[in-house]
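Multiple structures are listed underneath, in structure tokens.
There are two complexes below, and they share subunit A, which is joined by subunit B in the first and by subunit C in the second.
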Partner chain A sequence: MNSSKQQHRVLTLLYLAPTALILLVFIVIPIIYTLYLSFFDWNLIAPTKNFVGWRNYLTIFTDPVNQKVLLNTLGYIGLLLVLNFAIPYVISIIVQFFIHKMQGVYKIIFFIPSLFSLVVGAMVFAWIMNPVSGPIALLLRQIGFTLPNWTNSGGLAIVMLCLITNWKVFGYNFVLLLTGLGSIPQNLIDAAQVDHIPKWRLIWDVVLPLNKSMAFYVLILTIVQGLQYVFTPINVITQGGPYYGSSNVLYHTYLNAFVLYKTGNASALAILTFVIFLILLFLEIKFVEGRDADAPI
Partner chain B sequence: MKITTHLRKTAFLVAFLAALGGLLGVGASQVQAAGKVVNISYWHVNAQTQGGAAVDDLVKNFNKTHPNIQVSAKYNPNMYQGLMQNLQSAQASNKVPDIVQVGWAYTNYFGSNFKYLTPTAAQSKFDKNSHFITKNFTKRTLSFAKDSNGKLVGLPYSLSTPILYYNKTMLDKYGIKASDLATWEGVSGAAKKIKAASGNYGLYIQEPGDTWAQQAVLLSNGAKIIQKGKAAFDSKKGQAAYQLYQDMVVKDKTALHTPWAQGMDAFVNGKVAIAYTTVAQASHVKSSVNFDVQAITSPHFKGQKAVVPVGGSMLAITAQKTSQQKAAWVFEKYMYDNSSLVTWSKGTGYLPPTSSALKDQTFKSYVNDNPMLKPAIAQIDTAVPWTSFPKNGLDAEQTMIDARDKILAGSSVKSTLKAAQEKINEQQ
Partner chain C sequence: MRPFKANGWHLLLLVICLALILPVLFMVANSFKTLQDSYHTMWQLIPLHPTLKNYQTLSRQVALLRLIWNTFFMATLVTLGKLSTGLLAAYAFQYFHFRGKRWVYFAFVATIFIPFTVTMIPNYLVIAKANLLNTALGVALPQLCDATGIMIFLKAMAKIPRSLIESAYLDQIPTHRLLMNIIIPILRPSIISIGAIFFINSWNEYVWPTLILKDKSSFTLPLALQNYISSEGGTNFPLAMALATIMIIVPLAIYMVFQRYILNSISNSGLK
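== the complex of A and B ==
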């Protein structure tokens, strides 16, 4: 009996080993190494690394460019939450509870863009939305409007880049949320209808709380994945410009690491991002998931 | 019982993986055993649409004619920056390629961070009595590939200069002659005329992730970018040049300020009359426009001479073993044959670096079919090396990009240039 238990344990460890090894090699060790590098001034290949203590972290908060990039990141998060979370959620509720025909068609149509490469999407958008010679600009000119030159304004560039990400992510998030809504037990909804409870109260008091886990998942996905997705159009279209106006923490990390080869600065930024994401996750788990840990997912 | 099955399965899996590993190991040792033929790898930045096919042709032909050397070409996406990034990782894992293309902006960075064999050393090591380098390259051309200590890092391979493309159809319509565009003041005047008459922009100056074209504007007002290893663009002449550019963008709104791809799109679609960009765009421009497009040499400011920095890349030998170095040198010399260079030029739109290739009959007839290359060739004799700061060069370039973006967004030219220059010089 005892030996079989032990064998079980050995087997468990053995089966977990490949995954654990992959996690260790590709996630855990790189994070620890990044932390280590964030205390040095190094260009990736020079034989010596100069220890600089907390200087790289201090520059993140004192350098105006870094401050600008951090603010932009907040802007991106806010906008992405509206575009890639709030709007798909509202539309998925409409499709699930207010429209009874063609649900499948909507799903497919919304989902199609998520199959395309974001690089291709970014290039096509850059062409369509070219403020001087793009088709939209020409169309607007016909009716007496001018498309603002969004490439010259950080704020407008952020909006445009978020819209491109939205084109890609919307369908995927929509389908996820719709699936969550679809898995709410029908008898609860039927019961509410029998009791003549108005639809908005049904949604507010029954549907939203029951779909919390899925919504929470999509919310986190929107922030974490959204900031990564938006990297592609930034890199293709604005390269963070005008004057870092459309850069975010992830692109700035990349710029420092692989364009300027300032590994220390980049590592400090990466660690900061990691900590922010960790706090976000922790807060969400504590306040959204934690309240009813036993709730079925 | 069940557990034993589990164990058996696991054992089988382990055995399978071990066998797979063994197979791979055997494969590797067989390759090494083949010996005799020297294998070298050549890293380039040419996608299929940007001369990749020419690279393939050249390598294929070389491998056919040199049975003892086998070259494999590897394409690196994202131009010289991408190649440099890959080279970093290669160096970190000790698996460096043997011959690489290095963009001018990276001359000092490459020179001080990577192990390489200088062309001069390669020549004296493998071709004792040859004068290959001095015979093929002019002093000026060689100066492009020297680092801040005057050491030749590689051999110039592809050259480009910025030229002024103009929409002749549009200019004719508003009575503007090409000769009006000989000076930047003239360009500014023409842009005003076009804006007033048609509402279109007059000028676009390329804005990629470097300030190559902007440096040409400053240099053509007699300003210096670098002097004795220190940044020197914050001068009266430098400020005046940037002021004219800023006025066109911000005050008169006659010049377009936008990223490179969008700016060129606007030009080829006839929404911008004049574009100042690299000659390497010539074939793209030619094939995309439906108006009469022509090109002239870089403008200068009144009373000054036009001076342009050269663009493109050099070939550097990164091989570490003597046999590989020798093979790389043989391959490099083959790449500088007239016929190889002409193939290369046709495929990429770059200009050949050797004087004999420039005089080659095939190249000449190619230029006659593509007259937009002529102004670029005319400028090569007066071109200067691309500014490469001795220390923290990549950071310095970023500082100049930042200054450009700030100025074009309306910041004071004087204070922005001053701050940028101080920032760069603090690090020199």
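== the complex of A and C ==
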């Protein structure tokens, strides 16, 4: 009996070891090391690192460029929530409750762009939205308008970069939200229809509360994934410009680490992002707790 | 009244379909036009004078087969890694009893919420030190496991009748045989669907490979495409579009074959 127990323990370790080892070496230890680096002044190459205490963190909040980047990040979050969360949510409600056929077809078509690389998306949108020779610019010129040169304005560039991620993420989030709506018990919907409750009341009072946990999951995902997704079009199209106008905290971290070689600054920014994401994770667990009852283990 | 209203909704949904799909169609169309034609006949979805010139130029400028092979090899490594570590871990969570199981599971799942910036500097240093820069292994190594896979496999395993596993235990079938001969065949749909998703994501991966693959001969398709895009303007779009068209064939083909599996497992990943 004892030896079988021993065997059981060895097997458990053996089966968990590959995942645990990779997570330890490439996630846990790196996080600790990044935290360590955030207290030093270093350039990624020099043999010595200078301890600077909290200075890198102070820089984040006092340096005007960093402040600008943090503000941009808030802008990104707001826009991503509208484009990648609110709009897909409205559309998924329409598809689930307001039409009666073709649901499957829309699902299949909407999902297609999420199969493609954001580099492809960035390239195609750089063509479509080219302020001089792109199709939209030409179309606008024919009716007497001009497409503003969005690469010269941080705010417009942010909108454009968010639209590119929206192209990719829209269908993915739509499928998730539609799944949530589809799992609402049909008899609740039917009952409301028998009682002649107006549809918008049904949606507001029954559907939205019942779909709360899925919606919150997608909302958190939109922020966490969206800020990382938007990195690719930033790097391909604007490199954070004009003058950091379209940079966000993740891109600025990369820029500090691998272009400016300010490892300490980059690490402090990375730790800040990590803490924000941890808070979001905590919120996810707290809000989505209702689902915990049938958690897999 | 009602069908009329529904038609309005269908019109809106059709517009969304077009907004999502037309950019891709224009991209493919332009890849078969000369630079002049792509400018003068921008709205022509079927090229007036279809030409393979861009593809020929492309194959002269870059080693296309090499690029495709690099991308395929890296994506395969990542996919096989994620599938095998995920299956093993999910098996342990489902069928073994150990202390702190919930916490370990929670720690695994929490890794989904970690921004890549917080691990990229140390990971870059480790891969550089291990002399793995410019190699597929260097790209794949830090991402050989994925909590999403574990979650999906766990859900699928929970549906396997307990009695089947217990009778296997009674017959003293060793765990690895149970996993190989019983569980994996039953889990085939989940393995295919999540495997397809892992492969597509890895095929498209951009951020981490740009740090690791600096040498052009080690480039994957997204990195090569990025080289054809110039932020200062002057991008030869038909050429870039030809490369992008080559790049999207593989994910599209996978989707056409496994569409139902893929959509199901996306749905599943959200429903806990």
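FYI, the second predicted complex is superposed on the first by the 264 of 297 C-alpha atoms of A that agree within 3 Å, B and C clash if a C-alpha of one lies under 4 Å from a C-alpha of the other, contacts with A are read in each partner's own complex, and residues count from 1 in each chain.
The rule we apply is simple: a residue touches a chain if its C-beta (ideal position, glycine included) is under 8 Å from a C-beta of that chain, and two chains touch if they have at least 3 such contacts.
Keep in mind it's a predicted model, so treat the numbers as computed, not measured.
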Subunit B and subunit C placed together on subunit A: clash or fit? clash
Field: Partner chain in contact with A:113 - subunit B first, subunit C second, else both or neither
entry: second
Tell me which partner A:214 touches in the superposition: subunit B (first), subunit C (second), both or neither. second
Quiz item: Once the shared chain is lined up, is A:144 touching subunit B (first), subunit C (second), both, or neither of them?
Solution: neither
### Query
Now for A:22: first (subunit B), second (subunit C), both, or neither, which partner does it touch?
second
Comparing subunit B and subunit C in the superposed model, the one touching more of subunit A is C
So, A:46: does it touch subunit B (first), subunit C (second), both, or neither?
-> first
* To do: Check the residue A:260 against both partner chains and state whether it touches subunit B (first), subunit C (second), both, or neither.
  => first
### Query
Can A:99 be said to touch subunit B (first), subunit C (second), both, or neither?
second
Once chain A of both complexes is superposed, is A:9 in touch with subunit B (first), subunit C (second), both, or neither?
second
Check whether A:133 is in contact with subunit B, with subunit C, with both or with neither, and answer first, second, both or neither.
both
Of the stretches 168-176, 186-194, 240-248 or 258-266 listed for subunit C, the one clashing with subunit B is residues 168-176
Interface residues of subunit A shared by subunit B and subunit C, listed 8, 11, 15, 44, 126-127, 130, 132-133, 151, 237-239, 258
Within their complex, subunit A touches subunit B through residues 4, 7-8, 11, 14-15, 43-46, 65, 126-127, 130-134, 149, 151-152, 237-239, 241-244, 258-262
In the complex, subunit A touches subunit C at residues 8-9, 11-12, 15-16, 18-20, 22-23, 25-27, 29-31, 33-34, 37, 44, 91, 94-95, 98-100, 102, 106-113, 115-128, 130, 132-133, 135, 138, 151, 167, 170-172, 175-176, 179-180, 183, 214, 217-218, 224, 227-228, 231-232, 235-239, 250, 253-254, 257-258, 263, 266-267, 269-271, 273-274, 277-278, 280-281, 284, 288, 291, 294-297
The subunit C residues in contact with subunit A across the complex are 5-6, 9-10, 12-13, 16-17, 19-21, 23-24, 26-27, 30, 39, 42-43, 84-86, 88-89, 91-94, 96-98, 101-102, 104-105, 107-108, 110-111, 113-126, 141-145, 150-151, 154-155, 158, 175, 200, 203-207, 210-211, 221-222, 225-226, 228-229, 231, 233, 235, 237, 240-241, 244, 247-248, 251-252, 254-255, 259, 262-263, 266-267, 269-272
Given the complex, residues on subunit B that touch subunit A span 3, 6-7, 10, 81, 85, 88, 91-92, 109, 113-114, 201, 209, 256-259, 261-262, 265-266, 269-272, 394-395, 398, 402, 405-406, 408-409
